Amino acid sequence: MKIKVINPNTTQSMTDKIGAAAMDVANAQTQVVAVSPRMGPVSIEGHYDEAISAIGVIDEVLRGEAEGFDGYLIACFDDPGLGAAREIARGPVLGIAEAAMHTASYISGGFTVVSTLHRSRIILEHLVRAYGMEHKCRKVRTTELAVLDLEVEGSDAQSILVEECRRAIAEDGSDCIVLGCAGMADLAATISRECGVPVVDGVASGVKALEGLIGLGLSTSRAGGYARPLRKTYVGSMAQYEPR
Amino acid sequence: MKIKVINPNTTQSMTDKIGAAAMDVANAQTQVVAVSPRMGPVSIEGHYDEAISAIGVIDEVLRGEAEGFDGYLIACFDDPGLGAAREIARGPVLGIAEAAMHTASYISGGFTVVSTLHRSRIILEHLVRAYGMEHKCRKVRTTELAVLDLEVEGSDAQSILVEECRRAIAEDGSDCIVLGCAGMADLAATISRECGVPVVDGVASGVKALEGLIGLGLSTSRAGGYARPLRKTYVGSMAQYEPR
Amino acid sequence: MKIKVINPNTTQSMTDKIGAAAMDVANAQTQVVAVSPRMGPVSIEGHYDEAISAIGVIDEVLRGEAEGFDGYLIACFDDPGLGAAREIARGPVLGIAEAAMHTASYISGGFTVVSTLHRSRIILEHLVRAYGMEHKCRKVRTTELAVLDLEVEGSDAQSILVEECRRAIAEDGSDCIVLGCAGMADLAATISRECGVPVVDGVASGVKALEGLIGLGLSTSRAGGYARPLRKTYVGSMAQYEPR
Amino acid sequence: MKIKVINPNTTQSMTDKIGAAAMDVANAQTQVVAVSPRMGPVSIEGHYDEAISAIGVIDEVLRGEAEGFDGYLIACFDDPGLGAAREIARGPVLGIAEAAMHTASYISGGFTVVSTLHRSRIILEHLVRAYGMEHKCRKVRTTELAVLDLEVEGSDAQSILVEECRRAIAEDGSDCIVLGCAGMADLAATISRECGVPVVDGVASGVKALEGLIGLGLSTSRAGGYARPLRKTYVGSMAQYEPR
Amino acid sequence: MKIKVINPNTTQSMTDKIGAAAMDVANAQTQVVAVSPRMGPVSIEGHYDEAISAIGVIDEVLRGEAEGFDGYLIACFDDPGLGAAREIARGPVLGIAEAAMHTASYISGGFTVVSTLHRSRIILEHLVRAYGMEHKCRKVRTTELAVLDLEVEGSDAQSILVEECRRAIAEDGSDCIVLGCAGMADLAATISRECGVPVVDGVASGVKALEGLIGLGLSTSRAGGYARPLRKTYVGSMAQYEPR
Amino acid sequence: MKIKVINPNTTQSMTDKIGAAAMDVANAQTQVVAVSPRMGPVSIEGHYDEAISAIGVIDEVLRGEAEGFDGYLIACFDDPGLGAAREIARGPVLGIAEAAMHTASYISGGFTVVSTLHRSRIILEHLVRAYGMEHKCRKVRTTELAVLDLEVEGSDAQSILVEECRRAIAEDGSDCIVLGCAGMADLAATISRECGVPVVDGVASGVKALEGLIGLGLSTSRAGGYARPLRKTYVGSMAQYEPR
């Protein structure tokens, strides 16, 4: 099977890291391709970045359909463009926040999401509610690390994250950490070892959840709110995205 | 004060109707300008249309800032691009679903949202939860009318809507109707008269709520999740939307 | 239009302050009259004061109907007598807690209510739930200031409130303050300036929300739980309030 | 122990019926006194009646304190004046809606409340949420019977109620009925026999719950929101209720 | 009436203490018998202990039915085997967590559960949600006391508990404590005296709630999810529990 | 990897069917063993059957640990013994209700659970809440089919189920069916074909979810409420299950 992992931001070093994390856990038979869109922000930090990035996600899914992909993973913890992508993909589409939280719910009595900038907190809290995870997610913690800080060699990002995860365990009573940014995908093992609890990364979780769905022959239902887009005119610079 | 009413779809007849409904309720001192974006779908029916339409909304808000608008109303009941628009506008930004539901909550013990295609139901139910209206919204009803059916002279759209509203009152026990599409803005008075309950239209409600906020000197808080977008590079076709 | 602002307690200095705050934001065409009832407690601090004060609110609404008012604002953050007032008024009726919280939800990702005595906390938390604001209200904070402390010239009430609001921003992660007592109506601007976040006062918010509803021709639905009181006998000292 | 059962309406025939139902289940050592207040409506059907009736409830609790009662039951399914009564009574105070729903939760997997006029539905649904019973209460059903219809000899009230209860079992999947009006207290046994499910009446349930609390030496906590009313001035016709 | 209090663990000293607490509050006419099962763990601390202990509870209820008991109290704060026991007992069955929380809700604006090991927190939080108590229970606190620490003469368990209860009042704003372990039944009076708030013990509360239900002639509904077990074959070591 | 699928009831024909469904979707490298416990009920229909069956589940997990299994699936839609199993297994443990609902949430805007006897409805509704699926699960439907009816060759069980699923799509507005019994595992493909929506079976879903978790190296956190059982004495017939 072929899975397309879309890093909705355009920072290639992060895409490479995400791709490596995805391939690391994929089955031998699974072909993983990790991409950044042709357009959009270099990092996604807030509602504006997120709305813009959805176009890039859509663009990549449309291209992916032509390329014959069996499923898609949206590798930004805001899950931008998820609903739109579901309507246009033949196969299943997951967001990493969604995949990470459902996966964590299988192994944890209560987890903390540890993310980047404070400004993302309300977006993440909204996702916690949207996915029905209020009973499992004890807190969304932010570190005031910028997304691209995670790309800087030799930064103290890792130690800041470990510190915040330790606080989550001690203060929130959480027994598991959900990493709240795709750019942390390479840190899961280290943080788990340092903190002594399972650490769930959405990139890895999402790949396995997609393999599961594709293996089951399951994809987004067309019988309800994720039916294919109706054929209609799109005007101006968006005409290229007109549903066919 | 100057309020920009953005119909996120590109159907000018609907924009005209929305503009008329907005001006009809605006204070004498309020200047209302109703526009359709330069790009996007002719109607918004599903997640894909909605994601694409957010670009048009953003485009109009960015232009509106240059034009000196004091507030914005997003006149599609999916409230597309609302969070993004809040980050880039100096003044307050409301969506019509948001404005209609909060307004209805002031005058109703329990309302029903009556909307268009069945496929929109999960988007609207999500908004009901997102705005904390589960306790007031008894049901989201759809009629399988397409958005543009509402634009067709002599269609039976009005009678279909009146029928559905009557069912809402009889079967849901609702005492108020919230119109679930901006294209119904001209029908509020008729439906109210025919059904004998208050009918809340988000376009009119949104204009009054904006007048209130602007009159109070209140706008979106910059101290949390709606802070202005961080300056960063946007690439490709989205470079024009790079935050300044 | 004529709006009656009812301060449910009988402290005239507070009524004057509330009236000034209301007039300050009202449209030029809006006539605002602020009153205290002819009976009831000098301040409302707990369930008992609140239940008693509802009679005064009802008394003023009944008189207001004779006087031709178009809408009513109940200017105590417990919203006493709100449902009863809705049943007997031709026009819309709002409570300031209700108006403040809905207004804050338009501009904030998460707010804190800052109020007076600790004993009011459960009443306010109940209103937060009753208005569907659990997703927006991060915390109800109390200061152990008595309501009438706010009336004392030269008291340190303002600095205590500013201090608590700062804690709300730092500890709760709130980006907006909702003032939890009508007696704080004159402090909104100062607190906002000192704390750097929007501060929502229910008196001002309520006036604007009423102007909006009246401007829209909307009033409480009669088709459900707020139908006019049924004609029936009231005995003893309450005979004067018998529904007509 | 001495329990005062307060029927908040002033219809003596209903008070007698309530008193009989209360005494019927009371322990031999329990002295039950059932009263109607000296003032207020002959029946309670809506928010206005309810707010007015709270004064009568308060009046009876204040007198009851002088008379040495150990606990109070408010025998109207709107639970009017409950919070106020708790602040002024030495002993515990329960409302019959509260007592009935908690009692039903002990013996039922899912119950339906069957009540009188449709207009009361939103009040009762609010109580369902306020008492945390959304997970147990499958529906609030109303019959459009007026409260005083239940007092009319030879009316078809009983058969209408039995019919509605049967619908509750068949359509809601409920395994238990909660009677939604104190005036139905005499019908519990008959309805249970006819419908084949437990029927919970709040008057009987409330007496037993009060006997339990008093037997345990438990009463309303004074350490939080139900502290005794603060001493302060009450003016006008409410001066007589000034806290002492 | 005859009530069987089942301490689901097999520690006789705790059963004796529980029996004493139960008898202490029972009516003169109530016969209380406290037992430990013939099989199971000496203390219940986690999901595994709890699942195993359910067999002992079932065993005692089956024997109790032969012995003619009118009701059962499961005296472990995890409420193990509660649903199963309800299906096989003629009379009502309560768990002490359930009884304590409903009882506390009658007298408190917000309570804290204070329990033993941290590992029990997710079980107790689950019960808080299952009983609809999120609006009343401000926090579940644990002390890292083991259950059997409470049985050790001269231990500092009592002072540790008093300390935690004081924190609950100061930090959680709670006005009432719910004791989160049957082994604390003897400490309610002392903790209440030391902390100045009502303290609710589930053993005592449960006995009174059962007396109430039995006095009302109410028992578990057979018309829904608690119908008697269907007759069917049980194999192996569980054959003895085959429904008859 | 080795996965043990435990059918908690002792009906071998059902275990065979479950095993076939599990193997059908398992990866080539996954070894699946399906078993019935050595003790317990022939079918699980209610709380009593469920509590007894937990012992069989525990027994099989304990044996499985000796046999070197990497993960466990509990193949009854009540998820009996899930928490207990998590405490004693080195690898992850899933219930089929849990796995099916999380899986369905990935591909559906709103699903209906279709199950067997009406008496199971409250157990399943409880699981819907416990797994945070109220926003996705539109209804739990039951068919009054007994579990073992599904084992009878030539019964009309399949047509009854198809009929109920059609009602779910038409009346609930669901776009996906979750099969509410392990005994339906062989019917997923047929029902999906007949009804035109995705049908999620928990056995297949659970195998894929386990493969995912094991592939990620994730297992139940030991740092919280699923820590290994404490060593302690178990007496009587349960002594054999004493934690080691």
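Observations, loosely collected:
Labels for the chains are A, B, C, D, E and F, by order of writing; each one numbers its residues from 1.
Just so it is clear, a contact is a pair of C-beta atoms (placed from the backbone, for glycine too) under 8 Å apart; a residue touches a chain by one contact, two chains touch by 3 or more.
Just so we're on the same page, UniProt names per chain: A, B, C, D, E, F = Hydantoin racemase.
Everything quoted here is computed from the prediction, not taken from an experiment.
If you take chain D (Hydantoin racemase) and chain E (Hydantoin racemase) together, the chains in touch with both are C, F.
Within the contact network of the assembly, the step distance from chain A (Hydantoin racemase) to chain F (Hydantoin racemase) comes to 1.
Taking the mean Cα position of each chain as its centre, F sits at the greatest distance from chain C (Hydantoin racemase).
Legend: contact pairs of D-E compared by residue number with B-F, C-D or B-C; the interface matching in over half of them is B-C.
The chain pair B-F and the chain pair E-F differ in C-beta contact count, and the higher one is E-F. Chain B (Hydantoin racemase) has its Cα centroid 29 Å from the Cα centroid of chain A (Hydantoin racemase). Chain centres here are Cα means. That of chain A (Hydantoin racemase) falls 43 Å from that of chain C (Hydantoin racemase).
Counting partner chains per residue, chain B (Hydantoin racemase) shows two or more touched chains at residues 109-110, 118, 121-122, 129-130, 135, 173, 224-226. If each chain is drawn as a node and touching chains are joined, the picture fits none of the line, ring, star or complete shapes. Working note: touching chain pairs come out as A-B, A-C, A-E, A-F, B-C, B-D, B-F, C-D, C-E, D-E, D-F, E-F.
Those residues of chain B (Hydantoin racemase) that touch chain C (Hydantoin racemase) in the complex are listed here as 25, 27, 92, 94, 98, 102-103, 105-110, 130-136, 169, 173-176, 196-198, 200, 204-205, 208-209, 211-213, 215-216, 218-226.
Within the complex formed with chain D (Hydantoin racemase), the residues of chain F (Hydantoin racemase) that make contact are 118, 121-122, 125, 129.
Interface residues of chain F (Hydantoin racemase), counted against chain E (Hydantoin racemase) in their complex, comprise 10, 37-43, 45-52, 54-56, 58, 81, 83-84, 86-88, 118-123, 126, 129-130, 146, 224-227, 229-230, 232-239, 241-243.
On chain E (Hydantoin racemase), the positions that touch chain C (Hydantoin racemase) within their shared complex are 109-110, 135, 173.
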